[in-house]
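One chain, chain A, appears in both complexes that follow, with chain B as partner in the first and chain C in the second.
And then the complex of A and B:
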């Protein structure tokens, strides 16, 4: 008996035990490397509490976004303004002059336009469809203003002032004392006038007074108003199309935002790109997690397709795919994100008067916050983003733009190749040594690494059997099963409910992970903990395969404080079976709450070994990897 | 977003013969006193698509349309006009401007579409599936006048033959079959049916003529199949038919590009990445079909044909017949009045005589004058019309500069510009072409009146 474990469960009733704890887990009897004494998780309850605080306190979340750099805002905006005319000019460069024979028609164009129709006789020769000639394009209408600055900037000034406290503030700073005074007076007079309006009927005398009063105000008002208008318009113009992006980035929701905090949620909603209506019935314990009405986000985001100007198409596409569930799995999501970022960097050009390092970081941050709105980031993606931002920040200043871009793109490629693909290969190499002839291997869900291990072992000619355990509603195991069976592996497929029955035959359990936290907790697909616990009870070794880039220094004891909520409809309905509709009409009932969790946390007690690119380690050694890995690689 | 927009505005449509003419091409046909092209352009502008190519059939029409666009949308849109010969069809028109297409995807919109479905939704669906073509489907609009007049039933009966037969997969994302007219037998590809397993045939959907094409695919098809005339009847069915046996040429171009750009990383890693990505998503039937039985990478080329089905609450009608013209006029002033762009608000109210009543859902242009004891119901009257006394106008469209004599009764009719109706004319379900003079006291029913072409 492990004295540590029994002490913890018996002598400390105050610790909330969430997740899976068998009362007195039997000692494991496996031939794997011996377990190290956990350095950061001593059994005393006091230190457990300390650990408990750390995730919300000082530990950095993986998707932390550095604050925005605002120091040179105005300057840069003016620069933007200054550069726009050439763009309009380039439009007019396309224009053609009127040929003389066309004058009568062309005169119907408004005079003074640079643009007129051109008529080329060559555009009309044959009517035969097969040899349709190339027709000429004629510019008939141009946009003289740069895009983003609408012509109604002046007219909309009042709204702008209301909407944007920021611009109002700059206005306040800019007005001189006299102007402020005039403004104040005008406001006072207006107030008085409004008051008088109400009492107009009652007394004529007061009317005289107010009319006398309003006169000067009227005199001052237009001037101040005009001032407002022009200034706000000017600041609006300066804002240009960069302003919304900046705002969004500045207020990018904290990744660990507590969604039961109403005021913060309201604020976050205002700046959100994706309109999200929150689900009404949420389970009490999970109110702090974002939960939206599924099905409302996608159409809304789709309609805004062309309106999200600052978003790069590749990033947008990935966001859509996250939202609709077309891309799943930590590695795939990470690769898709990085490929989109690579595209974005390829098309990126530094705006004048800006430095690539700062502007690109801001740009990437805005992309990331968009992706978060589509689906919360996984820890692996958080680490990857950290890596990329670090690479951008470490770029030498002397580098030219094209060099910097190609360096970054190479870095991204390197990350994908080294941290994901190569490490998967190394993991496979390690893990295959643990598979012997006659083994029965159990896996849960669909993990890309586990799949490769199984396929590789099969290619090596090992004889083993695979049990694929699956769960509703996503049934990812079926896809894995399909690929395995096709390759000729002998498989058994069952659902997680039957895991205790099937576990008797199993000799090894291979699990994938979304992340491994520094106390050895494995954060993975919901149900993993259950499988690991059953395996532990049957004294079957549990091997978790996880790339080192998914490790995180956070400590998490339960799966409540950090998790993701899926679509509750997915569990209340059975796809393809319309007749199972017992919950129809109940979904919005006050006293029914549906909970579809995506992840859970497996305590390190149930994990025999973590297989990573640095070798096979006990879960207690994860902090070492986190520490070393970062120093050597991530921050290099 | 790397989309290029092509508006196929058309020219002189035969379906709308008395209404359109050389002076008034179809794009400029007023719907609620506002050219029909305005609805499309306004909607595109709302979606932040400001760089457009408008294709017009016929050079004269192109000049007229160009003049109108430059007058209306100056400083708002960057529009380029292309004139193409008449009668080359929609595919031919695209073929003519195909060398101007450079973006990755092309959004093709018909110029006669009056709809409030955002084009972005279509584009997003297209991008999400990485489809070769995405088409927008909408429910078939209710046609005929609201009040069940004698014409209502008849028109519905006439329309019966014009359904689209559309086959969808169970998730309603992919287009498996499309046929424009009911034929005696519909041929459905066995291969597709086998791959999908289940196909849903719908006849209550209409092709809205808004497409998103992958540029490489579109240009390839237009190049190779040079007999294709129409997007709807040739190109789209071809792409749908061949989605599981798409010729290698359809897929070669993008792959070639990829290989050239990804020289840095080895081919092996590339395959690795694509496998991880492919395994991460639920494969559509295309993916399953293209897999070889042993699970190795595909040898069969496929492309996806997607659909975007507009929600039933949105409004989406094409102006392609006189009946549709009447319907749209009715709806735009009635149920779907949010479609009217703000610049279309009526000017100073017209002069009305005594005891003249104008019912709801009417629209009167500026400068029109009406005499005493007139009745106007559910009708649109253009600018500078002169209407005498005791005139009844019901369910009708009267365009600009029309003179209507005393005692006329007009029901369910379209009267084009510069028409003169003398006294006591009775028109029912008629179309009167531009510049026609109807003599006093004549009665017409369900006729099309127009000046003889010289």
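And then the complex of A and C:
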């Protein structure tokens, strides 16, 4: 069990970038070993618990904020620690003791070794106080805390519980229901785990505390003030109306894996299941994205089938299908993934001495990281995974294993039915009202929703013509074209090169999307932006059809930061035309860089309307939907 | 909950289907149309909404001044009696009930009721609809909540289908239904108290809607500064209220009024303003671009505010907005929130057509086609701000509010 456990905890953090397609940051893997050596964070279970949830928190963040954010948080905490005890008495002492508990959360966030570093013991005696068994505690607190606190701290082991109402009260205004619940969940888990690991922790903790104990007596107040200086003062002023720790953590996104950072890539490779060889000549601007030699991984993975012990075969199969490109399209991939997860949950049994909630989350995480290695996640999949993890985290503890499993499987089914299948139907209903007789509709690529719209409008007896615009190298439009023509629609097929010529007799442009981002940017198959721009120039309304579960809180201005690189061979060679071999032998040249982008970002200016399951909305209202419904329907 | 918007579409389809049946008789029932030629073509789809507007605000005959004077007199009388009306609302409801006893169907009485309210020029169509629906609740003989709700739904559907071209009517009915039926309190009480609660809510909603114009007038005062020149188009009661309030606040401003063909509502508007001693200048509709450089602010009313944040308004609004936009003049729209509609027109033709007869003064040869559409759609990018009773909003917030109102 143990080797597997480490493996899982290592892959655990990968979930954090679930929102998009980068494998885990290596930073997290460092933080894990210390967790075992350094029981300074006895509620380490709570920290993992928080980690498990933080993916949602992290990818929630709409804008990338430099991760330095955490440090300032620490400063703020320190400030609270350092300044309030002298003034504060029994009540405020209580409030002072909350931070430590949150602090564990914070420190679990920063790399584990940080906790051991000189700074934290010196500046956070309070932290120790709350997290360490009573006997050592009193020695610490008597030195530098007023009696009110030492009393409080005396009951350290129960403290988590004691604090809950207080923290809940103080946080009430700022935290949403879901967040409060998450916090409680974390605390409950912490309590449970603290009991389990209490013995181990206390023995180890005594060592650490004694070492830490030498400093605090003189260092506490002056050092913290010195260290933090003006920042403390500044942050303290705002401290009152700042959101609680957990909230702010959500604001600070996790640094995404940047593939031009060599050391990190090395580390990531070490734990990768799929060994991918990296392509050498990459376009400068896109170095931060993963690019692999295609075609090498598949046989490699196949041979590994029996070695990959924690991987469920259904998940494995889906991963291979992603890799080979058999399953593509946001909805198809999402449904396939969820069905695989359903299988996995069905066959799952909680290992002895583990809780279902934590263990299953970790296992799902490891599946997800495997899938990421096969192909970067789409945003829709990221959202779906967030949903599932949230469901797992919110399972009532009282539920038996079989009940929990069936609840989860029901949830998965419900998600597929409501968020994907039903919402497609609703979108079709809306979109059909915008098709009139005599229209010429243009679509690009192959979107499942657009196909349904066209077919439905045809069934309703509307007379219209369809222009299917396609592009190399995937030529997905031909698939769509085939299905439309078979149903008797009159179609025109052209490549994107001719879009400016054909656009003048088009009356509506229907586009699918991989995601719609908070600023109304449509993230979709590469070429979509081009079509939308031409349509806008011709004053043709552009209707983007996208299910609401694909909406994302992120703001993206270009298609460089986040994207996916496809196989460069696909654009250097033309299938079935051997005579086009101009690039043979040049592919590995140092001065040739091939770029096969998968997605692009269409600015909201080019989009007239987003058709979603909540109705037809302007692209500027996407954040409204995200704000109003995400929490209610997806997260709770 | 989250697919409710789909049912909205369904509703629309249903009542579109139903339109065919009631409209001819409703035309017979409606208040005597002022246009001479409208009885001649009762079958053609003439917009009742625009006919009412023409009846209230247009100047058709040459002695328009006298008529306008008379109308204003009536107007002020109505204003005076408005409070009485509110107090005496049950009586009106009783009248509606009487009509229902003698009449054959529910739908008739609602429309009668609606028409009787609609005759008051000061009362917006949506408010009239709200009052009519409130009367339905009052006179209803239903004994269960469900029955009442169904009855109300029927009434509002028949109202909506009575005039599909009126956006504010549809929106007002939809909002009223939401506002009235969405109270959690209904489930716990016995029927009579629930019913009285419904009536209470209905009256409250009617009052809110009545006050909307005042609120908008107050909100928009910050945007009218001394010495500015304001261009207005058509006759909008909200804009009139805004300008009236500004004049009362001793602001010095000048107003340019377009003529507002074909029903020449601009003439009436300029007349109203002249009474307030505001300097007014009349323009023909085609002189907008010519005068735009001396204009500081463009003020519109709206027949409907749609989900994109654009507005549907009297014909000519779009071209004035285009001219203003190209000359970088701010375009303000004053509209009550009951005009917010869950429509999303993509272009000018993407609306149910609202026709209105146009009198060119000379006979038109039969081969010549006449564009009779009464309204156009102004996309949100040409609007600067919307003054609503929910506050001063940018066009993109409209959809936010609509989502919150309807979903």
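What we mean here is this: the second predicted complex is superposed on the first by the 381 of 636 C-alpha atoms of A that agree within 3 Å, B and C clash if a C-alpha of one lies under 4 Å from a C-alpha of the other, contacts with A are read in each partner's own complex, and residues count from 1 in each chain.
Going forward, a residue touches a chain if its C-beta (ideal position, glycine included) is under 8 Å from a C-beta of that chain, and two chains touch if they have at least 3 such contacts.
All values reported here derive from a predicted model rather than from experimental measurement.
When the shared chain is aligned, no partner comes close enough to touch A:441: not chain B, not chain C.
Using the contact criterion defined above for the overlaid structures, shared-chain residue A:410 touches chain B, although it does not reach chain C. In the superposition on chain A, A:451 makes contact with chain B only, not with chain C. Contacts of A:508 after superposition on the shared chain: chain C is touched, whereas chain B is not. In the superposition on chain A, contact of A:613 is made with chain C only, not with chain B.
In the superposition on chain A, A:183 makes contact with neither chain B nor chain C. Of the two partner chains placed around the shared chain by superposition, chain C is the only one that A:629 touches, whereas chain B remains out of contact. In the superposed model, A:332 lies in contact with chain B only, and not with chain C.
A count of residues in chain A touched by chain B and by chain C gives the higher number to B.
Across the complex, chain C meets chain A through its residues 2-3, 5-6, 8-10, 307-309, 342, 344, 346-347, 350, 380, 396, 399-400, 403-404, 406-407.
Chain A makes touch with chain B in their complex at residues 91, 94, 105, 108-110, 113, 115, 117, 119, 123-124, 126-127, 129-130, 132-145, 147, 151, 299, 301-309, 313, 316-317, 320-321, 324-329, 331-333, 335-336, 339, 410, 413, 416-417, 420-421, 446, 448, 451, 479, 483, 486-487. Chain B meets chain A in the complex at residues 1-3, 47-50, 53, 55, 59, 62-63, 66-67, 69-71, 73-89, 91-92, 95-97, 99-100, 104, 118-121, 123-125, 127-128, 226-227, 229, 264-265, 269, 272-273, 276-277, 279-283, 293-295, 311.
Taken together, the chain A residues at the contact with chain C in this complex read 422-423, 426, 429-430, 433-434, 436, 508, 541, 543, 548, 608-609, 613-618, 620-621, 624-625, 628-629, 633.
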